[in-house]
Structure formats: structure tokens, C-alpha cells
């Protein structure tokens, strides 16, 4: 199917009367977040992120030689990015072949990470970013960016800043931070945002659903707040280099 | 499906008792024909042809560098040709992926145009011909050739002659000129023919359906007559360079 | 479908009370075997094998230049192998596109033949082996290896030894030699084995089904016996260069 | 693709940059000014709906085809919407033959989301037999001449084709579907448009020309509904945006959206 | 594909051209003479029909397989005919591995049209349950040795396989299809053949050898029915034909067609 | 894939060879000693079964998904088993992006055969409506870090995921299938494992490390059932084996299989 996953009209209560969400969070609360660094021996850099029930692993290889060579650029490194969902990562088994959604996300994730990297330092090389979503629970693209940025740092690639990302959603006409699978599936909107937090620059911005102009403004603010928190976890993870791939 | 479109046995009256055809034409009458030249800014040459309800646009790029380079020939230009039908060009939506029919037609159209071009003047280059059928109404391959030839001239590519093309069909055991969608679908035969009119050389010849030897002879004569008319429209179009892409 | 062909539970008598098989053979008897050499003019070497109802043709081209060149190795020849079943070779028409089974078999057949070839004598070249199964009757991979080895010799490629191959099967808990289509489909196991007979070296070994350790030992012995017989037919075929492609 | 085509001469690049500093553009437009638009509809008789859009020198055609299909298992009571865009080499020397790449896919999906978010096509009204048979609406988009800003041109062509599409009426006789000769409009509930900016240095220009796209650092697209809300956002390329710049762009986008929509209304009886 | 294989030495080329001037060919044939033909049928027991054709040193095998399928929506009361030809690298150093290219597709489609035009397979007689179940006839063609003129060899192999194919008889019990052990011939109504010429300079040679194909300017194929009518035409390559030359070729083709057909009849009890 | 990654320095190669002569290995293991194993199951909540296996530094994850499907025509009364392994470039610099190649396919098929031969999944028990609806068991295998011996690691991950998978119970109401909340184990009848050797010169080492694989002449894999029988054999690469060496390896493999199985039992309540 082309396009976004269909949103059923099923009447699910995503926001309770007391203002808490389906998983008990407050509207501006992000899910438990854990980032492990250097979890894969072969990769030059790697990270494993658990955001809520999301489990995503990222490997970075490079800077290394480009094959085929004609893709290389004389004045800077190229970035290649593959975002892929394991067939078992979602409730209904997904075909392992890349979907149109995965093709688009590979592109926007690459474009979200590139601004942070000093590409001109590594002419004629490639930096390859491989993202495997092992379990999907909503907001996988932003969690992938968050983890990939840490993996790039783990690979020792010089960066202007980390890139941290979060999605703002909308349920019952109210903005929520870091939407989960149900809020994505049955909610009214999804606005994934990535930033270089120290520089205050947005590197990824997408949206579906309906947002009023003032909601866009509020969403950017809310995202910034969430991104600060995520940024701190990233930095902490890189400091501690906690590198376990244990799942529990 | 492999092979030609199936011809239904539906009893449709393609030739009336007074000898006129389903669209009122006489047997040897071609449909209204309009060719606009230079309709696309980016292309080095372009043409838009309306033959009956056919609407086909052709762009020519080149002579230009060949990528990948190993395809280039040391002593002459290569020609690449892509004939494609837009999904909405036919009554039942067509998949956008190239069908076996489109693959064959790309080949025979290329071979119908090549003889007219002084390829040896542009060694190591490619001349690319892109044909997009926006609306199909029978005889699309010959209309494509007629338009492509004009687009090649518009690109300033030196040619021995234009290539003009028409299909001869057969309904109720009688030959007809320039068969339309219904005559193609329900008729008894289809013989597309392309010529370099001044040189009297045939560059494309195909047929399905049944023709007696004398019908082949008559069909070649009939085609020649039609091609003369089309040739005049081509030359007129190139003279006037009427370049509108208005559809009505 | 991924994986081996499903084995139906249908109660078919594969071994009669007197110990003979469904086609009247004794357990350790191979089917009638005929190998013709040099049956194709274009190929540098070729062979046509009839093993029971199997009809398989093999062409060898090379050593020749590698395209694309970057696949070439500086110190030895590469081998490329394509095992393919014609759509009409099996009771239910097979799609002409290569199946996962054909991809795996192309690999193991290549690896079964490579040890016999003095690859280091032809650096920067390729030896291409094309196998077309025209009729399949069980044990096609081993018959393909047997024929390909003869085709390589026919091409004048220097070899340490021929490679001869046979499958050992298991029906009613008894080992059988050279299993046919029914014994493959409804039997309890299939162990294809290829050897360089003079050198006593195994170059292909696979199995599905269940074998006890002592059955493995017995199967290797039985295979060796069968391979000796096949080896003799190979050598005889190369001596006589009987090169007919007549089917009867 | 011949490499030279994608590179802009340094002199021209500098000219563009200098002019932008003064709030000027190569083709004389203001930074927030869109190009002239021409829309023709019902251009393809074999399509249920069609439109060809000239946005300056950019030309895009969109065709709407309708099929009766089985609905998706997870939306048994909704019609199906499929958007397919192809960047064919006819339209530009920078497009290569071959199966759709990531740019084609991104374009398709942005248009798809903008339509879907605002339920521009009321899919609930496209059910024939609930759970069994629904209408599928295919929107196929082909660029014919790429002179910049294919997203906005594709969106305009898509919505124009949808607004003018005609669906055969249906009669159900014992669960047998019979298409009638009579035709009716598709249930279109909104006229979303997209407004795309190129960010060049720290400047934003709306509806970028091809040469502006060649030197832009980033691209930013807003999908805007009839009442001025946002129904899609898409940042492209490797540049970045301050949040404040996005909010500025949003205000401009809402004004430009009305201009786009006025063009649509000037060509189409709605 | 190793490039040398496709190039013919200039000396040999000149020899061919000089001989042609005198009405002679490399292999001693006259210009309108076909090579020796050998046909074996029923060579593949797993196929419902099969034939291997030797046309000089060209070898082609064709297999006919039958399946029960749902008919196409637009021909509910007709069987299905599918022709698939593959130019596998086994047959010639000039064929490359990989999915079928334009040459494979053209070959398939010329054979398909020649059969379909004259209704060689009476598809109307292959209906089992109208609108629901029909026979599909698959004709799969594989070149085994390419020594020129694959089209005619493929056509001969296809029609020989069709003429000798056996279809299981069918019994319908409460709309359940039961295949019987008894078998019958396919409903074959005509024996079309193709006759292919190579145009070299201004000469036409029939049934070209591979080396003649290497230097030919154009190719011309006639499909000819049993009563001498034309059921297919296909010009190939970048050369051209005067109309008069086509008419001359046509007359030769009708004579050659009879020779081809006599070969078929000498090998097959019809 | 950058070429250097696949080449081992001559010095290191010689070291490995010299040590092997003395019965020693680079990482201190004996020739017939496997690496440390860690198995975690139920790691993917969205999968019906899942396991991540660390075999030394090799990491593989396997997920089991269940779908209700129509059975294959030739096995109407059996469930469906599908194994899919992908060697993704995340796991090693020697794996390239793109569709599965011959190595991926071989890995999938060896695992599939080892399971299928011993009927590890009792497919007869996965029928819901005979001939119409059965369970399909998908086993998807992804290497995360390739440090040698992916076959054994993949087999361990697959069987661990199968052993711990939970299938929804089913209720049939008027031929309508209703999934219940209650869950039950899959019908797993055996715990096959594979044991893989690298042949380096004339030595065999079990559970090879990546550097040993780089210099191995051949690979040999045994599938071993719970009672020590063989359920799969697969020789890989271009080296050869004397029959006697295969029988020696077989005896070692049966012992090692028990060690593998003990690891499984130490991590999974069976």
C-alpha cells in the first residue's frame, strides 16, 4: 500500500478525563528511554535504543571507501542510510523487502543526520548508517535518528552536535509528546522533529494529520523540551558507554 | 499477459453499409492530426501529437554523453528509446511498470527511427527518445514514431528524412487506414508501417491478423498514401513551430 | 515457497516385499545412464545426460574474459554456474524466474566442481557453466554435476579428476541408491554426494531427512560404489565422444 | 544523467545570492511570489479525472482512475487512495530511466499525506459493499517539464483532477455491481494545496525555480487546508531551519496557499 | 558476453558480400534455400507437448504445459495462450544471464502473434466452465544452440509441440473438475510457420546463418498460414526496405513456408 | 564491501595454521570446543516468539510470526513453515545492501531443512480448517554481528524462538475463525541443532570464529536431532573431504550437539 498506515475509526480512549494517556503518561512526558553504546563489535560505531517498547539497533561503518567508486565525491564524504523494519517488529508480519515507507524514511533520516557531520573532512569516502527496527512502537523514525546520532559519535566521526529527535502527536485535539503505537495509529496527527539541540537547528520536520498554526508553534516548543531530555540521555550514554545488548 | 490484447468476438459494426467507419471516416481517411513542436523547455527537441483521441508527447535529449560510458560506441551515436503508457491513458488503469508490450515497442520504434539519423556524426554520444502516451486511441506506436521524428528534427539532429508512420487495418475484410481503438480491438488485422517518405524506404513493418498477399500489396499502397499526408503535417508543424501544449 | 518440496504423507509403496523398488531396481542399482559429449556447437564444451527420465544439458564457456571486469581475480579463474529448470521440466509448470532452490543449487554445484579445476592456470578469466534441466526425475543436482564435469573436460579445461555424483535415499528405513522422483517426493531422506573418484575426495555433501550415524556411514559407502559406475560412464563418454542430441 | 546538467555555474550562483540579499530573484519575482499558473482539466478522456498544470515552465499532468477493489483488511469500510508519482526522464535531463527512486517515492507520499490528512477524498463514501467492494482512487502524477517545485505543481494537478473527476453511479442488484451511464462527482471535502520554499543561505523563496533548487540548502513544504490549517509538513535536503524561521514560513505559506487556491477556483467550477 | 564473439572479421565479411553478389552463400546454399531440418516430438514426458528442432546447427526446444486457470476478465469464454521465450547463455556466447531483455520479449511476442492471428489454438474450445475455468496453454521456448534464425526455429518447435500435445479429458461433476486418464489432442486449427530473411546490402537471404545475421542490415519475418496468407510481419534492426522488396520477399516466403510445412509433416503424423 | 575486510594478513594466517598444528586456536579454545553462549527469549513483544543468541561475539536474532493462510495445494492438511534469513550490512562490513544473495538463501534453506526433516514443527497440528485454513509459521533470522558460524547461531535462535513461541487459541464458529486471548505453545516435537566445522588444511575446528572462516578451505554442517540422528548435511566452499573425515566429524558433532542443547535447556524452561 502506498501512503501512511490507515487510521481506523475505532473509538479508543487515548486521553483520559484526568489528562493521562493510554499508557499513563502526562501529555508532555516522554517514554522511558535507554541508549546503549558500542553494542556491536564489527561496526565502527553502534547504538541500541529502547524508547517505550521500541527496540532499534544502529550500526555505523565509515568513513570508508565507496563502492562503486563513481559514487564518491571529490570534496566530501557521502552518507548512505538504510532504515529497515524486521518482519517480526510489527503485529502483522511485514515483508522483508523494503517498502515505499522505508525508502522515504531512509531518505529523510539521512537528511536529518547529514547536517551534523563534518562531511568535508572525509572526501571520497562514505559513511554508512544501517538501522534495524527490531520492535516498533510508534515514533520509530525519530528514535532511529536519536540512536544513529549516538552511533555516529561512537564511531568517532566529528560532529557539530548530536541530533536528537522526538515526535509530537495530537489526540482529542490536544498535543502530546512522543506518541506511541496506539497514539500514532488512532490519533489525529504526528509531527516528527529532529534538532541539533545546542545549535537550535531543526534537521527533520514532517507531519501528517491536521495542526492549526498555533498548534505548530506549540508543537515546536514541546518538541524542543522533549529533545532536551533526549539529548541528555544521549550524552549520558556516550559518557558511560553502557554497551549491553541485553534486552531486559 | 503476454501477447497482443485479446480481441473480443463482440458483434460491433465497424463498417456501415454506406462504407463509412465507426467514427464516420472513409476507409482511406486518416483521423484529424495535429502536431505541436518544441512544447517542452528542458528537452533538446520535443513534439506533441494528437491523432484522433491519441495524445502523445515526445522528448529528445542529445546527442549527449553516455552513462554508463561502456555503452558508448567509438564510431557513432547510440539511440535509446523508451515508449511508455501513462496509467491513465487507457480505459482500465495500467500498471506504471513497463509491460512486455512496451518493451517490444520501445525496440521497434528505436529501429524505425535510427535509419533516418546520421549517427556517425556523433560518435561516443547517445540520443535519447522518451515517449509518453497520455491518451491511447489505437495506433499509438505509429503516432509515436511520427511525433518522435519531428522531435528529433526539433532537436537539430541531422536526418536523411523524416519518418512518418501509419497503421493499416482490416475490418469486414476491407482495408482501412489509420485504425482507431475500436478498429484495433475488434477488427481483423493491424499493420503498422513507418517510412522515410522522400526516400521511399520502410523503416517499421509489423502485422497481426490475417492478410492475403494482395492485401499486403494494397496495404503498402494505402499506407504510402496516408504517410504522405502525415509527412505534410510534420513538415508544416516544423515550419510553423506551433508549440502549445494546450489540449483543446 | 521457501524450503524443500513438501513430502506428502500419501501411502505409496516405494519398496516391495521382494526388495525391489517402484521402478523395479534393486536398492543399490542406479538407473540407466547415458552421457553424450560435445552436443552443442557454440559452447566450448557440452554434455547431455540422461539418468532415468532426467534430461539435462550443460554448456561450458571459457576460460574467457570476465565482464564486468572487477569480478576478475588476479591469481586464478572464477567459476560462474547457473542451474535452471525449464518450465516444462516438471509436472506442474515452473515459473521461468530463478527460485530460491535454483539459487542454492547453483552455488553448491559450483562448489562441487571448483575443486577439480586447476583455476590458477587461468588468472583473470571466468569459466561459465550453464545447466538446463529439460526434464526432472529426481537427483537433478547430482546428474547436473556429473554432466557438467564431462562438459568441462570436453572444453579442454585441465582437471585433477572428473567429478561424479549420485544421491543416496532412504525408503522404508532402507538405503537406496540414485533416488528417482517418487523416491525423492515420498521417501524419508535424500543425501546427494559428489566425489572426485580417483582422489577419493567428496566435493558435495548435502542431506535432508533423517539418517542415523551408521546410515551415514553406509550411505557414503553406497554412494562411492554408485559413483564408480558413473565415473566409468563419464570416461567412456569422453573416449567415444558420442555427441548426439537425439532424445530416443 | 549527464553531470553538467546538475551543476550551476559559479557566476550564476553568485548572481542569485546577491539578488536575494536585495530581495530580488532571477526571474523578477519577489521572494514570496509564485509563478503564473495555467490549469486545464478533463484533458484525458480515458481518465475519470485529469489535469495539466503549468506552474511557470514546470508542467505536471495528473490522472485519476477508478477501480472497484476489495478493501484493505484493516479498513473494510473505506475506499482506497493510491498516489503514484514518477519523475520520468522526459521531463528533465537529471531524471534517469528505471524504477522509481527515493525522490519519486517521497513526492508520492507527500501528496498522499496532504490529501489523506484532511480526508480530501471522503473514503467513507466510497464503499460499495461494506467489507467487500470499494472504490479505489488512483492518482497518477507525471512531470512533463521540470523547472522547479514539482511538489506544488503535483499537488495542484492532483486536486484539480480530483475536483473534476466523474465517477459512474452504481446499482446493486442481488450483490451484483452494475455501473450506470450516469456519472457523479467524487466526494471531495477540501482543497488542500502545498506551498514549498527553498532555503538559500538564510533566505526563503517560495515556489522555487529549477536554478534556485540547484543551490538551495533545504526545502520546506507545507500542506495547507482550505481553512488555513496544516495538513502536511516535509523538510527536504541537508540544510536546517531555526524554529522561528519555520513559523515565519508558515505565515507566508498560508497566504500563498490562498493564491494557489484562487488559481484553482479561477480554472475550475467548484 | 565477450565482445569478440559479436564481431565478424572483415575478410570473412567481404567474402560473404562477394559471394552474395554471385548468388552464393558461405555454406553453399542458394539465397532462398533453407537449412536441413530435424524435428523430434514428445521428447519431454513431463510436458503435455514438446519438440526439439534442429535447423542447421540451430537447436531450439519448445514445451507445452497446460494448467486450469481463471480466464481473463475481458475474454471470459476463451482459453489462455502464453508464449515465453528465453535466450539463455547456454545457447550462445552473445546471450547474457539475467532476466529476459528486449530480444527475448520480441521473439516471444512474434511467435505469440503468429499463433494468435490465425487462431492456431482454438481458444474457444478450451473453456471448461464459462467465465470461471479455462485451460491455459503455456508455450516455453528455449534456444539450446544459436546458429542463426531463432525465430523460424522457435516457430517450428512451438507448432510441432502444439500439434503433438495431449490434453487430459475433463469430467465435470457438480462443478468439480475431474481430470481423466484419457487424453486428446489440442484443438489446433492451422499450421502457421514463419519465414525470416536477412537483408545484406540489397540482397535477401532466407533462413540466415549466424554469420549472416552478424552482417545483416535488417531482418524481415513473415508469418504464413497453411493457405498462404500472412499472419504476422516483423521487421527488425535498423535497415530499411523498399515496398517492392517486401513484396518480392513475400512471394519467396510463401514458397519457403511450404517447405517448412513439408518438413513438419514429414516428422509429425497430423 | 571494502575489499580489505575480507583479507587476513599473512602473518595472522600463519599463526593460526601453526597453532592448529599444535591443536590450539587463537582464542584459546580446543579444536572441538564451542564458544560461550547466551540466549534471551521473548525479547520482541510483537513477535509470537523471539530469541537473541550470542555465540561468542556472533549475535543473531530470530523472530517467529504466525499468520492464518490457505495451505499449499499439494499439502492441504499441513501448516506452512517459512524460513527467511538476511545477512544485513549492519552485521558485518562484508555484507552488502540489496536483495538476498546466494549466501542468504543457503542459510535460510539449511535451517529450513534441519527443522523440516525432523518435523520439529508438527505441521499436521497447525491445520484450522482442513484444505482451507492453516497456520503459517514464519521464522525470520537477522544476524546483528557476524563473528563467525552464523549457521549454528541462526539455528539456535530459531529453535529457541520456536520453543518459547505462543500461539493464540482458536475457536471455530460456523467456519468463522475467532482468535482467543488464551495462548498455547507451538507443537514443537524435537530440538534440532546444527554443528558446523571449518576445515583448515587437514584440521577440523568446530564453531569457527570469523578469522578462521576467512582461511578455511571448506565448511561442513551437521543437523543433529535430539536423539543424535542426522537431520541435515551441508558442505560449503570449494574444499573437499575424505569420507573418513566426515565420519570423524560426525562423532564430534553429536557430542557438540548435546552441548548446544544443554545451553538451550539452561536458558529455556522446556
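We just call them A, B, C, D, E and F in the order they show up, numbering each chain from 1.
Assume a residue touches a chain if its C-beta (ideal position, glycine included) is under 8 Å from a C-beta of that chain, and two chains touch if they have at least 3 such contacts.
Source: prediction; values computed, not measured.
**Student:** Trace the shortest sequence of touching chains from chain B to chain C and report its length in steps.
**Tutor:** Contact-graph shortest path, chain B to chain C, evaluates to 2.
**Student:** Under the document's definition of touching, what chains do chain A and chain E have as common neighbours?
**Tutor:** Expected: no chain.
**Student:** Quick one: chain E and chain F, Cα centre-to-centre, how many Å?
**Tutor:** Inter-chain centre distance comes to 48 Å.
**Student:** Rounded to the nearest whole Å, what is the centre-to-centre distance of chain A and chain C, using the mean of the C-alpha atoms as each centre?
**Tutor:** 50
**Student:** Taking each chain's centre as the mean position of its Cα atoms, how many Å separate chain C from chain E?
**Tutor:** 31
**Student:** Can you list the chain C residues in contact with two or more other chains?
**Tutor:** If we look for residues of chain C contacting two or more partner chains, we find none.
**Student:** For chain F, which residues are shared contacts with two or more other chains?
**Tutor:** Answer for chain F, listing residues that touch two or more other chains: 84.
**Student:** Which category does the touching pattern between chains fall into here: line, ring, star, complete, or other?
**Tutor:** Here the contact pattern is a ring, one closed loop where every chain has two partners.
**Student:** Moving around the ring in the sense set by going from chain B to chain E, list every chain once.
**Tutor:** B, E, C, F, A, D
**Student:** Spell out the part of chain A that touches chain D in their complex, as residue ranges.
**Tutor:** The touching residues are 1-4, 6, 8, 100-101, 103-104, 106-108, 111, 114-115, 189, 191, 196, 199-213, 215-217, 220-221, 224.
**Student:** Touching chain C in the complex: which residues of chain E?
**Tutor:** Chain E residues touching chain C: 1-2, 40, 43-47, 50, 52, 54, 57, 59, 61, 63-65, 67, 84, 86, 88-93, 97, 99, 138, 140, 142, 144-147.
**Student:** Mind pulling up the chain F residues that touch chain C in the complex?
**Tutor:** Touching chain C: residues 72, 74-75, 78, 80-84, 102-103, 105-106, 108-109, 112-113, 116-118, 220, 225, 228-243, 246-247, 250-251, 254 of chain F.
**Student:** Give every residue of chain A touching chain F within the complex, in rising order.
**Tutor:** Those in contact with chain F are residues 40-43, 53, 55, 57-59, 61, 64-65, 67, 80, 82, 84, 86-93, 96-97, 128, 130-132, 134-136, 245-248.
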